[in-house]
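In structure tokens below, several structures.
Shared between the two complexes below is subunit A, which pairs with subunit B and subunit C, respectively.
Up next, the complex of A and B:
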């Protein structure tokens, strides 16, 4: 599946969540059809809570993985 | 205890308090600025629940301390009478902390953890704090002329109602809503961040640290005079004649005896090493070190510079505004929310009356700045 990476390292709250919401809204049709997944790269620990919460509220699936000195948050179509 | 020992114990106590606060705040993403900002921007109330828990525990601990004599000075030194200046200062502070992405303490522990934006906000705090000295006489006249009350410092002193009774009433209300939230599972949050500390645990630690600080040092955690002192020192290197002529930098912000440690804290916002330096410098250093230690231990310390320019501008502007507002109010959200509200200080209530609408306004401004950035 095509993936769009958004590097937000160095950014803090609330710009990380605002950016994520903007990207999720702008790409909602592609995500819902399963044609795109978003990959947010962040070093803001709070974003590992707020972005998945917002994604779940929008009906998406969110997976968080530690990656280097930060985290990768993968947003995709809900599979279950 | 002789004076030398008292000074060392004071410095070590403040340093340890700062390290512990910085560490737990970093691990739990404990953000007092986010508490109000997210309420308006995202309708999130989780941090408000954490604040309610911290308020309840601090209130009870301090009251027990007061009744048993562990807390020897009550109300704590440094709290004044409420007025329009505190409300206006609180409002500007609210705007500033949202633009800066964190309050005066959040800025410190995030800077310690490697955030470049927080370092920029820190620089702004210093600039704003020292800039206040330029118009202090005018502002002080306004503040004195617009006090709401003259004399009472706490709600108990204003109303004549026993402080213990007021504490019991507030504690009953807070406990009731906390039990309700607890039953609904709304006091915990899921996080996959490494070594995440549940914020309710941080609330308990921070309440204990406030109690520890007022018991040993005599005042709750407060750091904003440090920003003035650093700024005044830097300014004195550039324009020594001008700095020497600023009346505000000669003012005395604290002057009280710590009978437990056998020392006195006397000092103000000027550049000299004094009692304020003894109280606040170790605390500031500790918060930075605590955030840094937490980040390094989980391999998350790595500064990233590649951030949109608008966010640098926002952080700097927010820092300047916070520094300015913390002098105008006077004091910051940590002093008033973690130290003043638990003793129902009227000045802290006035600060809250300003900081809440300020956070709303800051949220509106910030979204505008970020949207403007994207459209370019």
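Up next, the complex of A and C:
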């Protein structure tokens, strides 16, 4: 599945969430149809909670993985 | 600068322009503050922190349109909630249909024992009036009492927070198999209990009749003069009658460690074992003639009939009825 990476390193909350929301809004049709997943790269720990929670409320699936000094937050279509 | 402007436009006109500028700045400040306040309110609703002034200055705040971003996200959230509500409604209707169609009575009560949902089968089982049960306590509606019974399934579920099975709960002249299952919230507290009632009155009556018949047969076999034995496929004794015990000298307690080949005289064991095995395999036998071996070593020639009792293609026991052929011979008396 195509993936769009958004590097948010250096940003902190709420800026990280606003950026993530803007991307999820702009790509909602592609994410919902399963044709795109978003990959947020962040070094802000708060974002690993706020972004997945908001994504879940919007009906998306969110997975957080540790990656180097930061985190990768993958947002995609809900599978279950 | 001010003196230059005063000379060009005059004091009063300059003062008017300055005042207008001041008002415009105040108005813009109020608008920006309003946007910041509403943005923070929406961000808090989204579960994140408010915007710090050093993070976004007034110009950028207007430029990136956070209210528009969050509002659009709320649109997605509402759309998702609508979809979830539809799925919940379908699940609710499915549960309703399942509860209505099963042959057992189902009552759902809250933690205060008040009935929240029930099916028609409950009314049939408890012969209740057609009036609405919702809102009544289950002990009022089903037990017909203001107080729960001494062994109340609901109370046991609330205490143990686990599924409780009560195999025979008697209400009037009816018997019920009752299963109480807790429904818990995300904190693990029991919010509701699902009570399922299966009427087993007929089964209990059949079991009682069966026990009575069994007792009649046992009394009959116990008191006949012939030796009666009922042997399991592994050779252990399930039942022997008084005549058998008296002839062979074993007490009822001694039967536990005894196998059928222990009571056959050694020279007849092979032949008897073949008969026993053919019975276990479901074959019929003719008249059996053999020699029993008593506890004190006496040989007792017997003859009789044996058959097997089978269920679901398997032998569950063999049954034999024997009588003595001749007077028993004490060991060593033959000289």
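Here is the rule we go by: the second predicted complex is superposed on the first by the 80 of 80 C-alpha atoms of A that agree within 3 Å, B and C clash if a C-alpha of one lies under 4 Å from a C-alpha of the other, contacts with A are read in each partner's own complex, and residues count from 1 in each chain.
Following the convention adopted for this analysis, contacts are C-beta pairs under 8 Å (C-beta built on N, C-alpha and C of every residue); 3 or more make two chains touch, one makes a residue touch a chain.
Quantities reported herein were computed from a predicted structural model and do not represent experimental measurements.
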Subunit B versus subunit C as contact partner of A:43, first or second or both or neither: first
First (subunit B), second (subunit C), both or neither touched by A:72: neither
First, second, both or neither for A:27, with subunit B first and subunit C second: neither
Chain touching more of subunit A, residue-wise (subunit B, subunit C): B
Subunit B versus subunit C as contact partner of A:59, first or second or both or neither: second
First (subunit B), second (subunit C), both or neither touched by A:9: first
First, second, both or neither for A:18, with subunit B first and subunit C second: both
Residues of subunit A contacting subunit B in one complex and subunit C in the other: 12-15, 17-18, 22, 46, 49-50, 54
Subunit A residues touching subunit C - in the complex, by the definition given at the top: 12-15, 17-18, 21-22, 24-25, 28, 46, 49-50, 53-54, 57-59
Complex interface listing, subunit B residues touching subunit A: 26, 29, 31, 34, 37-38, 41-42, 44, 101-102, 110, 114-118, 189-194, 196, 299-308, 311, 363, 366-367, 370, 374
Subunit B partner contacts - residues on subunit A that touch it in the complex: 7, 9-15, 17-19, 22, 43, 45-46, 48-50, 52, 54, 64-66, 69-71
Subunit C residues touching subunit A - in the complex, by the definition given at the top: 43, 46-51, 55-56, 64, 66, 69-70, 72-73, 76-77, 79-80, 83-84
